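Two complexes follow with chain A in common, the first pairing it with chain B and the second with chain C.
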Partner chain A sequence: MKQRGLAPYVFIAPYLVVMLLFTLYPLLNAGVLAFQQTNGPASRAFVGFDNFRFLLSDPTFYQALWNTTIFAACSVLIQLPLSMGLALLLNSGKGWARGLLRLVLFSPNLVGQIFVGVLFSVLFTARYGLVNRFLQALFGWGLEKQWLQDPSLVMPAIVITALWLYVGFNMIYFLAALQGVDKTLEEAARVDGASRFQVFWHVTLPSMRHVVVFVVVTSLIGSYQLFELPLALLSASNGRGPDNAGLTVITYLYDVGFVTGDLGLGSAVGWVLALIIFTLSMLQIRVSGVAEE
Partner chain B sequence: MLERFPYGRAPFWLLLVALCSTLAVFVTQRLDAAKRPDLTFATSAANHLAAYREAAALFEKRRHVRVSVELVHSRALQTRLQNAMLAKTPVPDLVELLFGDIAYFTRGPLSDVGLVDLTERLETEGLKERLVESRLSLWSSRGHTFALPHDVHPVMLMYRADILESLGIDPNTIETWDDFVALRSKVVKDLDGDGVIDRYLIDLPIGEAWGPEILLLQRGVTLFDAQGRVTMNQPATIDTIDWYVHQVEGKERIATQAGWGQSLMKAMKDGLALFFIAPDWRTHAIELEAPNVRGLFRLMPLPAWKRGGRRTSTWGGSGLAITKATKDENLAWDFAKLLYFDRDELGRRYRATKILPPLKDSWTLPEFAEPSDFFRGQRIGEAYAALAPDVPEDWSTPYKTRAEDRLGGVVLRAVEHFRTHGDAGLRELIAKDLAEKTAEVEALVNRNVLAKE
Partner chain C sequence: MNPLRAFALVLVAGFFVLWLRSPKNPKAALAYFRWVALACAASLILAPFLWLVAAAFKDREVLNEYIFFPPLPWSDRTMNLENFRRLFAGDASVQGKVYFWQYVLNSLFVTTTITVLELVFCSAAGFALAKYDFRGKKPLMTFMLGSMMIPSVLLLAPLYEMIVKLGLVDSYSALFLPYLAVPYGIFLFRQAMLGVPNEMLDAGRIDGASELYIYLRLVMPLVRPMSAAFCLITFIGNWNAFFAPSIFLHTQDKLTLPVVLNLYLGLYRADYGIFLAGTLIAILPPAILFFALEKEFIGGLTSGAVKG
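Presenting the complex of A and B:
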């Protein structure tokens, strides 16, 4: 009996050890580091709140935060409605076409952010890129547009690339949720004279609220952690883009931590980012009322 | 046995897998340790690899030791080295780093630098005088040299000789940038009448800092000085940006942005620009990546800012460092000398990479006088070597990326201003913006409390 009592602990011990070593310890260490200045591999000095003070006075950090927020807003306001629209379309379709379209729309996710970033960096090439050629052929404009060199076009380029990558991914969640909506409620609403939009807005959407909140929260978190996509798309400027137009908070963290070599400042950025994501997620959950349920 | 295990089948198999994998890790580690070479050398330069492996084989034969040469991507090399030094796990004995990456390792107090200080060895063995001295600046911090320079990377202009000939332009008559800009009327043209310019004079970037930076270096302006102080805010910087903006924007512009990779190769083939900035490494890359422009290009020195002035600049570089973790510093040093100071070795490597080494006495080797078929029979080794002694100094600091970004931003805003307002207030804007961005970089530099020794 005594032996059996120990057994579960023995079996979860490897997981616990790994978790303590690679999650909890780094987390605590990052907390300590945020109050230190590090110089390259060996030196550390306690600097109190100086890292946070510097961060909150650095215009580059604010630019990174602004860029990331714009991207997050585009994710929620453009990407998710598009995903929902596609899911509604696919949900109304039947047979093999639906399965095929689902696969086609989801497939960009199979190749990953780096591949997509490299692919779109070629598509967005001025004069010779497919996007510019297409614009020139269709509108007689855009051949020389420098999508990845013009600061005003960099964020649209990142958003377009992310749309191609993630619309299909989020669509799968919405499609699954749509298939779980009680059809009798929708039919009852239709019998009562509700229009298609009214049925969607008052019956379908509330029925899939938990999934919508989940997708919005994970999209927000993912957007604030954006790193690989701009890194590959804007590889000539190490993911920053011209005049930092494509700089995200995580790229900023990487720069200060691993290029400039100040892991203390990098940790401070990490904590500030964690705080932002936590606040936004809590706000979202509170506003949607999911927590109360 | 399975039946007698008291916790059931699944836990039994889990336990067995865990034990087997632990054992496998232990055994492979022991085997690896037994096979560990006397020297490990990591490089990120794929085009150096074959030559380095040959040199390693030679060194093994001479010294009866085992040398391993490993190819690692530059970003991975830097990150892994950083992490290994932080975690105090094994690091290579020698590493070839890219210019810029070394600053991370020399950022703190000198005593904490994880690389061997080579200053004394270079001086006592009389090697310093044999090198292009300006190249040591890239690998030095506070008067101490932590790596050997691999290259000089003088910058020339690569030009479409066939088109220039057809236009009756003699590149030998181009002495200054003013002479160069004056070619605009002959070259910049809408060739098919569709309203889009099809031929420009030169490829210059707007959104990336390398264009203005090369020109600033040519004028002797560096972003930082030897002590790591920010020095980018100078009258010459304002002049250069002002000049640059007029070349890349507006009706009178001479430049297009050809970009990188396939887009650059296509622009070269199509003659979208006739001149391209060309350090030695770029000529070799183009030779490999764009065989269809063979025989179309030649090289000329950069036009000077003033008649009789400097006709070159520099772009990039790599260097060889010995880590303090090496078991045998003398052995590592001897291997480094074979790679970087052995004339025969350098001759062989030049033939393979077309990168000019900084060892001045190697330039008289026959390999450097060989005519290049790719460049219409031009002796490009001699051409680069002639400019090499005049290559300007540059300094590596961990804040260089930030400074380059800020400089690029100043250029972009100046271009935007020029596009909408023309010359009115342009210089004032550049001066104000440059001062602000300099202060921003200084704020970051001045935070470094640990380097203040």
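Presenting the complex of A and C:
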């Protein structure tokens, strides 16, 4: 590899221009904005740490953080084990059925969160919704449940919808990782008398830990950016839900920054979110030790 | 007892019968469990799609009477195109009547343009980072990888301000410009192009090929599977994009499908056949593309995670 005159600069120049104008400059600007109060894009006033002080004293913001954290926890504790289970079931299968099932389980990911929200807002209707009817037929429970109007059912409804949407997505990663696991190690453990679960827990899972860490962290990061799904699902209350039960950090940001028009406060929320995501990413790098890449 | 519960009980009973027949070696029971569990999961995933298709064609009067499709033979009273007829009848707006196909065209135009532009910008930058040494390469790589951690909403507030100052509010440029060169795309192209042997590039140079020719005619064809996956992922992602279009676009006849369907939720709350028909149309283009290019898509999705 050698330096070849101007050629590399010509190839990298478009990215550089776009990056300087639309990433670096806005990033610095977001740093300034977080210390200002704005009223739409026109007027700005320096307010020091007031935005952050306001956030830390606003119970609504805490609720948004709490709701989002609950959602993130459900993603990791409910959705990922199910994705892993499906991947394990699918991994030992073969032939056309395997390909078809993989396709079917992945298919919801083609549908954007807004469209999924639109669809499920109807599926969760009391008495007539598909979810309500299904639960009633199978368990004799839930026909009249007001999923999207009852504060205690809003988060479960969001979690169920996200489960439908993403369970196949994470399964694809686990499935790809399972293909890379050394079969002879598993065989050896089984010959030594380990049960199926022991083989999975002590051999299979550790040898795919890089992918597991990757999936856990990207799920957490994605969960903290939840926005469009509850926005469409709970459109009657602009994504907040009854008693703000469906309010997420980004819905809060959208409200204060773009609906109310205080881009300064919106930026402050953005920085809190960035801090959370940065911490999670650092955790991934530490745990998986892939910093050399 | 209703049919669904009876069916579930039969499935569970089947497992126990197989298991009790040979408790020492439950191979048959496990195989049975595997396929039943997978079939149940697949049914749960498919049921909402099936319901959506049925609901879009069902008449308003019988929408809640049948869970999925009404029994055959279908008549005009149970199944018809009324939802689609009303969907395409047009929305009144300040700009006059806006028809639904306008939003479909807007979405197609915006998504295709952004996909082509991203392909050019990301592959060029990825090529420079994979195949050349130049001053400032190291810090640039570090910044690029670091910027993947910036949540996109953090940049939206200052971007919005910038777009307003540049007078680009309500223009599609506002949707293109900030997202021309996504770090993740550059990274994917760099990784794929690292695999192209340098000897091939040098052979081209000896034959007198220009650097542009080498990029366009030698390297790009070799990373075609990567390019297909990248285009597909970019297309689907942008087809479904909501946040940026919802704040940058204002005029009714410029809106894209996700923004419009979110508006319809409020407009037709009591009459949802119409936005279900719209949702059905909105999810078709990504589905068609995906089924045409399924292998590339999943390959591209997992290449970063599994190899890294």
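The rule we apply is simple: the second predicted complex is superposed on the first by the 271 of 293 C-alpha atoms of A that agree within 3 Å, B and C clash if a C-alpha of one lies under 4 Å from a C-alpha of the other, contacts with A are read in each partner's own complex, and residues count from 1 in each chain.
Keep in mind that, in the parts below, a residue touches a chain if its C-beta (ideal position, glycine included) is under 8 Å from a C-beta of that chain, and two chains touch if they have at least 3 such contacts.
Quick caveat: nothing in here was measured; it's all calculated off a predicted structure.
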Quiz item: chain A superposed: clash or fit between chain B and chain C?
Solution: clash
Quiz item: Thinking of the overlay built on chain A, is A:Arg240 touched by chain B (first), by chain C (second), by both, or by neither?
Solution: first
Quiz item: Does the superposition put A:Gln37 against chain B (first), chain C (second), both, or neither?
Solution: first
Quiz item: Between chain B (first) and chain C (second), which, if any, makes contact with A:Ala177: first, second, both or neither?
Solution: second
Quiz item: Is the number of chain A residues in contact higher for chain B or for chain C?
Solution: C
Quiz prompt | Partner chain(s) touched by A:Val104 [first = chain B, second = chain C, both, neither] | solution = second
Exercise. Figure out whether A:Gln146 sits in contact with chain B (first) or chain C (second), or with both, or with neither.
Key: first
Practice problem: Look at A:Tyr128 in the shared chain and tell me whether it touches chain B only, chain C only, both, or neither; answer first, second, both or neither. | Solution: both
Quiz item: Regarding the shared-chain residue A:Phe54, is it in contact with chain B (first), chain C (second), both, or neither?
Solution: first
Exercise. Determine, under the contact definition given at the top, whether A:Thr260 touches first (chain B), second (chain C), both, or neither.
Key: first
Quiz item: Touching A:Ala7, do we find chain B (first), chain C (second), both, or neither?
Solution: both
Self-check item: Listed stretches 61-69, 133-141, 187-195 or 205-213 of chain C, narrowed to the one that overlaps chain B
Solution: 205-213
Exercise. Would you mind listing the overlap between the chain B footprint and the chain C footprint on chain A?
Key: 3-4, 7, 11, 14, 38, 41, 122, 128, 236, 258
Quiz item: Contact residues on chain B for chain A in the complex?
Solution: 6-7, 11, 14-15, 18, 79, 82, 85-86, 103-109, 112-114, 196, 205-208, 257, 259-263, 266-267, 272, 398-399, 401-402, 405, 408-409, 412-413, 440, 443-444, 447-451
Self-check item: Complex contact set, residues of chain A against chain B
Solution: 3-4, 7, 11, 14, 37-45, 47, 50, 54, 57-60, 122, 125-129, 143-144, 146, 148-151, 236-238, 240-244, 255, 258-262, 265
Quiz item: If you look only at chain A, which of its residues touch chain C in the complex?
Solution: 1-4, 7-12, 14-16, 18-19, 21-23, 25-27, 29-30, 33, 38, 41, 85-86, 89-90, 92-93, 101-108, 110-115, 118-123, 128, 130, 133-134, 137-138, 140, 164, 167-168, 172-173, 176-177, 180, 210-211, 214-215, 225, 227-228, 231-232, 235-236, 250, 253-254, 257-258, 263, 266-267, 270-271, 273-274, 277-278, 281, 290, 293
Quiz prompt | Of chain C, residues touching chain A in the complex | solution = 2, 4-5, 8, 34-35, 37-38, 41-42, 44-49, 51-52, 55, 64, 67, 120-122, 124-125, 127-129, 131-134, 140, 143-144, 147, 149-151, 153-162, 164-165, 177-181, 186, 198, 211, 215, 236, 239-243, 247, 258, 261-262, 264-266, 269, 272, 275-276, 279, 282-283, 286-287, 290-291, 294, 298, 301-302, 305-306, 308
